[in-house]
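Mind looking over this structure? Questions follow.
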Amino acid sequence: MFKKSLNTEDTLENAGLTVEEQQLFSNARPQAYEPYPIKAVEDFANWARANSLWILAFGTGCGAIEMRPLMTARFDANRFGVAGRPTPRQSSVFVIGGYASVKTLKRIVRSYEQMQGPKFVIALGICPVNGGMYFDSYNTVNRFDQYLPVDLYITGCMPRPEVLVAGIMELQKMIKAGKCNGANRYVDNFDWYKANQKKVIKNWDMPDYNW
Amino acid sequence: MNEKTLNTMLEKLKQEFDISDIVEHKPRLTTFTVSKQHAETLIRELRDREAYTHLNFMTCIDYIEDGIFSLVYMLHNYGKKHSLGVHVNISRNGEEVFSIHTLWAQAWTYQRELREMYGIRFTDSPRLDEDFCLEGWDQIPPMRREFDTKKFSHERFGHREGRSSEVPREHMKVQLYPNRGGDEE
Amino acid sequence: MIYQSLGEWFDKIGNFSLTLLIVTVYGLLMGAFIERIIAKVQGRIGIPYKQPFINVLKNIFKRTAISHGIMFYLGPVFRIAGGIGTLAFIPVIFGSETFSNFSTAGDLFLVIYFMFFGQLGMALGAGESGHPYSAIGVARGLSQMTAYEVPFALAVVAIVLQYGTLSINDIVAAQQGGWQHWTMVTNWPATLAAMLAFLGMTGYSPFDIFLAPQEIPIGPPTEFHSAYLGLLQLNRALFGATKLILFMNLFFGGATGWPELMLKTWLIYMVAIVVGVAFPRYRVDQGIRFFFKLPTLIGIMSIIYVQMVLTA
Amino acid sequence: MSLRDLLSPFYVWQRAFEKPYTTKRPTLDRPGAPAYRGFHINITETCVGCGSCHTICQNHAIDMVAVDEYVGRDGDSGLRPRFDYGRCCWCGLCVDICTAGSLRMSNEYAWISEDPGDFHFTAGIDDKPWQENALGYRRAEGYHLYPPKRITMPMLPVEESVNTFDEVVRGYDKEQAKKEADRCVECGICVATCPAHMDVPDYIHSIRDGDYEKGLQLMYRTNPFPATCGRICTRRCESVCPVGILGEPVAIRWLKRFIVDQVDKKDYPRILNEPIGESDFKVAIIGAGPGGLSAAYYLRQQGHAVTVYESRASAGGMLRYGVPSYRLPDVELDKDIEHILAIGVDIKYDTEIGRDISFETLLEDNDAIFMSTGLSVPSSMRIHGEDHPRVLSGLQVLADVASGRDPGIGKKIAVIGGGNVAMDAARVSRRLGADVTLLYRRRISDMPADDEEIDESQAEGVVIVQQAIPVEVLDADGTERVCIKWGEAKMVDDPKGGRPRPVLQEDRMHTETYDCIISAIGQSSDLGYLSSEVQDQLAIEWGRFKPVEYQHTMMEKVFVGGDFANRTADAISAIEDGHHAARGINRFLNPDAFIKAEMQDE
Amino acid sequence: MTSLNRHTLTGHSAALDFSQPEPVDLSSGKYVKLWQGPQHPGITGNMSLELTLEGDTIIGCKTHVGYLHRGFEKLMERRTFIQNFTVVCRIAVPEPTFNEYLYSHAVEELSGIEIPDRAVWLRTLNLELMRLASFLMWIGGQSGAFGMYTVPNWTLSHRDFVLDLFEEMTGARIYHMYIVPGGVRAGLPEGFEKRARDVMDSTEKMLGQVERVMFNNAVTKARSRGLGIIDPEMIDPYGIVGPNARACGVARDLRKDEPYLAYDQLDFDIITGHDCDAYGRAWQRLQETRQSIDLIRQCLDRMPVDGPFQADMPNVLHWKVPAGETYVKAECTRGEYGYYMVTDGSEYVRRVHVRGPSYTHAIAVMERLAVGCNIADIAGLMVSLHTYPPEIER
């Protein structure tokens, strides 16, 4: 149904793919999330979303090390409606565990785009904010918000599990208030994000938007 | 390691191979430089004859001012608890080097890394051109000393704005004694 | 049973809807309760009781932007149809007209058919998703299912022979009059075989390889999301509870009221949990080998037991 | 598959009946450990803004930003660290290196924000909840990232020093100097405090590099008296050195001396090799003290014809006649002066203005005049009998000794005063074989003299009597000797909050007889060579000048500097006055070039 | 041992064929190519495996690393010696302390600094606590990889108790930055010893439970016995070190062979096993965890209570280390961890090479052991080699 966009003017080039591959992947643009027309329904949906945060199990950097205590008995994030989810399709929260190397960034973009909206991004640690420890490294990006929209930053190196819990609570508040619209920002500024991504990911051999 | 046995071994090796710059850094570590022609045989001999059976690591040092790469093979003898660092100097300009992937199973990984990080080619080393750490790298190999990682990072990744800093000394000069100190004209 | 009028049909459907609702809610609650028990063993607190409901709601509110084809959509529908179908032919409360559903003379066969139907439908949907892990999960799931169905089928055959009927209602009726009449007592080999098969059926360790996140992220539903996943979750609750009710009816004397049902099903479920938290998971080949050995043997034994001891 | 392997796993259920591991309220119940490295705290009052934290931070997470509140404080750069929590890794190196000990970390660790631009703050200035936290990481006792203690200076032992005019301080050897130079954190706060604004961190750096010639060049950029200042400078730089806040300050003076000691005098022209400019202007300088010679040195570099008029037989002023040679040997002073003269400065000795040549003539013959005649008249004690022949002035005694004359002080003397001149007089007298008692109005801790001077003089046997106010000088009947009557003083706190004032206690009087009394309570200027009209024009207050910009006076062509024109009255200030006057004179003589240069700067 | 030496000396056993597997024809439909990772819960850290399957059996495995490459060795060349000490701990995230120690040790060796006795003991204690924490996480990981989620919850909680000790001792949970060139940053806080002993006691008790439920477990045994057997002949040619080698019966432990810090004063024996399959390696590590608890207790017993914990240091702001070259190593949980450092007399290091044991274990060894495995066992196998990707790519 969504395989090909019918609107020929508004399709993506998918220039990184071979001709055969272009047949396999969609070239449609992402679509922004429209809230339900009835506010009460949207509020209720947001309440449900906030209380059921499924985190994509992708340890992109150092941050993964504090995810383990968070998800296990000591801090038991399950109490707060948080659960780990191994596949992006079912996850609603992407936790960027600190720095993102260029090679990982490509996978992060892919995984993020495969997540179904509404989706939220939490950036852990200092590295996504301004490069942090690796501000001068040739292989890690410095400002993560150039590449993907981030809803919440938690500073620290590493942020402790307690702060993660606090961050999750904060995220829940924001979702309930309907303020977490990073995914829509991504859609609205899609070309800008894509240009930034392509500026650092030099071997772009995937579709421009990974459904 | 017993100093006498070590010296005997080194003497013996010296007769057979073109070895120079022998330095004993500590009782358990000696390094020397060997010419490229003899290096492969020497390393094989060390492994098979002198029981330096463990390859601790293999790496490279960039002496950009001398125009050479110094390859380092760190071999370890478990029996004598002694390590030997074998330096092999090669030119920085794309000189091809023998491969030791037939001697140790992990050697090709090191060689793949060195190809990527320094641009050194190892003859017949398997999977040499596969990406190791980098992906889509379009600059000179990053571990070469002329590669300025900070500049590169700044240009490609940028930094968040809103930062500025003063140097105390300059700041105080401007603030407190703008016309004084140092050469005025 | 043949219904006399359309009005009776409507009554029946209304009653079934109520049952469906109660069983689903009960299944979700039980899920949370079991999660909390597992959490206790793991030294933590665990999810709130409302969590399964929120999860389902959230998934239904999530939007979808992908498609893998028509079968992909139908997978979860088949799956929940299987769950509903299974429940539809099981009398939930013995002696209650309201909660007897569409139970009829040959319902045991129908039930077993529906149990397969959901799985197969799901397999088709997951297969269409194109994800290799889904395919691996489906392959594992189906082969494991084939394996545990053998002792289960044998046990069912044993009790059918024992009670001489294919109606679940009749089987439950035969077990009334005290615990000494339960199949568990009268035909313990069949119960044992069925309970071993039950371990495989619930999808807890050691027989959860087909959805093992450590190896094949989540297994068959890897690509399912949003409302599809919501349906799958609902079905998991519904189907899980239904299976428990079936086991309760077949082996543990059925229930004459909701409290009895809840207690019995919970205890049956706990069998899988008690084992589940204590063991890692078997590889699929090891799992199949397991079911083909002892449980199958016991299943065969149970038929022999029925033939030699009970009917003799 | 043994039975044990089947049953043993069920032990897991044991755990179900124990307390969970879970922390009930993770965000509330778990503050950081007492020594947790959380968010930064800065006690901004203590911080001096040295920027060591900025230097050591490997992530460039610390900016030094100006905080208006602290601009202009002595020994304070007016900057405070601002942290970027998009960079900081909480390693705590900044805390470890913090020279003032003002930086620390709280045990607070939670900061969540939607805006990545949020994570900046100036600790202690921006209001953050953790600023008052009592817990958190502090540098441990006994843990240092730079040596807190100074390298001990080799000194002549007291037994020897008291008998000789040889230099007491022996100077560092290369190893010691390198170690001492290593302690510098290169903040440059001293540069601002130093009246001459010498490039202290740079020349210390050159010691570490072993490049003494570069060090010498750097010193001559702002100070043509390095050998002298390396010995007798009042070193206000060391008083503000941040290293000294928690430890001992870097021995900046001794390091300066060390550089000069390493360079032979005959290499000076080659090393310094000052370019001499082209100019037709003539400048006259009155007084060959540090101020005058400094002005001469920098003016000469511009190519002006510089003539220095000196009333005595040698150049150096107070440095030669006021500073004893055990502190500053003549040969070292000559090292400086000879180099200044060597670049073409003309000097006329034994030429007194007003006697040999009139001020007006000078004014007429020259394009500019720099006056630096210092404070040469001893102040009066304002007590009865102070004109007794056995009451000598400290300056006179020192000048006599410097010129090789016997001051004739006798065997038992009293010195009155607590400044450096008093100390010098006392110690010189000890070396001449006298028993010395030093009377001072206030407490030892109030003395304006250098602490080192006080300690050394005491070690050499000078008896210091504190809180002793001289009341009257009396004849010792029938002898060549002299009596002094003094009373004990009580320290009374100043209700206005100033320093405590000594108040004479009339009932506690002492009278003692001495061979002579040396009065050293201060000096004033002698401006007798200026006619009263000129004095009026120059707007002199209390015998001191108040120069306007660039040491310029109210009179065209006339610039002043040195002790009689500044408040600090020490050699280094005089040197800077000379240097600054040289700038002013250049600007005055050649305004166009100056304006152009200033515009280029902008 | 004797047979091992004979083989490794000649090095031409049939088992030691290092050649790469032939590429297969994927279009034939007989094989499946499957990527595991980097976004995959069954992978340790952030790396990926490119698997070629024939049915359920793996016939080819390629490891792909570099997702965590930050270029440490380059970054260290442009930071001063003191600045580097804060960087190095990030190289191996779950086990930062070994990096801190080795880096500091290399710098001290090159600049001739002798650290005081108390610092030696504090470092030893710190390293052993780290070993314990790391092993606890590993036991959880191994158990989780086989699908038993009870044990990870226990061990990770206890690891967290050890992290609490670290937090008290060093001021941070993960990146301690405690061992600094010249010594350590602080002594032990008040009451630390008692709390440490309490944690040791409870951890020991928990390990007993883990042994009962995880090691004496029919399913664990079914899964791990015979999985990923390391042939003793492989050890030297593949550079296998640490517990992976010791589980084969090779008694090599740097703590004993080339004692560093206070290990020559501690009382312990090298633990060896006899079969190096996944179960044997797990058993080996369980024993070493217990040994580590014992060593921590010994450290606490013999810890000097006062005295300096830092050597006399030059001003670190412009610290120049004399030209030299050294290779220092220590026994971390995975085996020989080494720092090769070359200095040229300037304020910056000329070259640092970090040798992490995972470099061989996760690539050469993994690629070899994976062949012939069941796809379901890959996660278990991967974990049983105990590899940390960040130290491979640095």
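To keep things simple, chains are lettered A, B, C, D and E as they appear, and every chain counts its residues starting from 1.
To be clear about the criterion, contacts are C-beta pairs under 8 Å (C-beta built on N, C-alpha and C of every residue); 3 or more make two chains touch, one makes a residue touch a chain.
Computed from a predicted structure; not experimentally measured.
Visitor: Both subunit C and subunit D are touched by which chains?
Guide: Neighbours common to subunit C and subunit D are A, E.
Visitor: For the pairs A-B and A-D, output the one whose chains share more C-beta pairs in contact.
Guide: So, comparing the two chain pairs, more contacts are at A-D.
Visitor: Going by the average position of its CA atoms, which chain sits the greatest distance from subunit D?
Guide: Farthest chain from subunit D, going by C-alpha centroids: C.
Visitor: Name the chain with the Cα centroid closest to the overall protein Cα centroid.
Guide: So the chain sitting closest to the middle is E.
Visitor: Which whole number of Å gives the spacing of the CA centres of subunit B and subunit E?
Guide: Their C-alpha centroids are separated by 23 Å.
Visitor: Quick one: subunit D and subunit E, Cα centre-to-centre, how many Å?
Guide: Each chain reduced to its C-alpha mean, subunit D and subunit E end up 55 Å apart.
Visitor: Between subunit C and subunit E, tell me the centre distance in angstrom, where each centre is the average of that chain's C-alpha atoms.
Guide: Comparing mean C-alpha positions, subunit E is 45 Å from subunit C.
Visitor: Could you give the separation in Å between the centres of subunit A and subunit E, each centre being the mean of its C-alpha atoms?
Guide: Centres of subunit A and subunit E (C-alpha means) sit 31 Å apart.
Visitor: Give the residues of subunit D touching no fewer than two other chains, as numbers and ranges.
Guide: Answer for subunit D, listing residues that touch two or more other chains: 9-12, 15, 20-22, 84, 86, 89-90, 116.
Visitor: At which residue positions does subunit C touch at least two other chains?
Guide: 39, 41-45, 213, 217, 277-279
Visitor: Which residues of subunit E are in contact with two or more other chains?
Guide: Correct list: 40-41, 66, 69, 71, 74-75, 78, 87, 150, 153-154, 157, 160, 175, 213-214, 217-219, 222.
Visitor: What are all the chain pairs that meet the touch criterion?
Guide: All chain pairs meeting the touch criterion are A-B, A-C, A-D, A-E, B-D, B-E, C-D, C-E, D-E.
Visitor: For a test of understanding, state which residues of subunit E touch subunit D in their complex under the given definition.
Guide: 79-80, 82-84, 86-87, 150, 153-154, 157, 160, 164, 167-168, 170-172, 175, 177, 183, 185-187, 189, 209, 212-214, 216-219, 221-222, 308-310, 312-318
Visitor: Could you pull out which subunit B residues touch subunit A in their complex?
Guide: 133-139, 142, 147, 149-150, 152-154, 156-160
Visitor: Given the complex with subunit A, which residues does subunit E contribute to the contact?
Guide: 38-41, 45-46, 66-71, 74-75, 78, 87, 90, 93-94, 137, 140, 152-154, 156-157, 159-160, 163, 173-175, 390
Visitor: In the complex formed with subunit D, which residues of subunit C make contact?
Guide: 37, 39-45, 274, 277-279
Visitor: If we count contacts the way the header does, which residues on subunit B are in touch with subunit E in the complex?
Guide: Interface residues on the subunit B side: 23, 25-26, 28-29, 31, 47-48, 51, 53-57, 59, 61-62, 72, 74, 78-79, 81, 83, 85, 101-106, 108-110, 126-127, 131-135, 142-143, 145, 147, 149-150.
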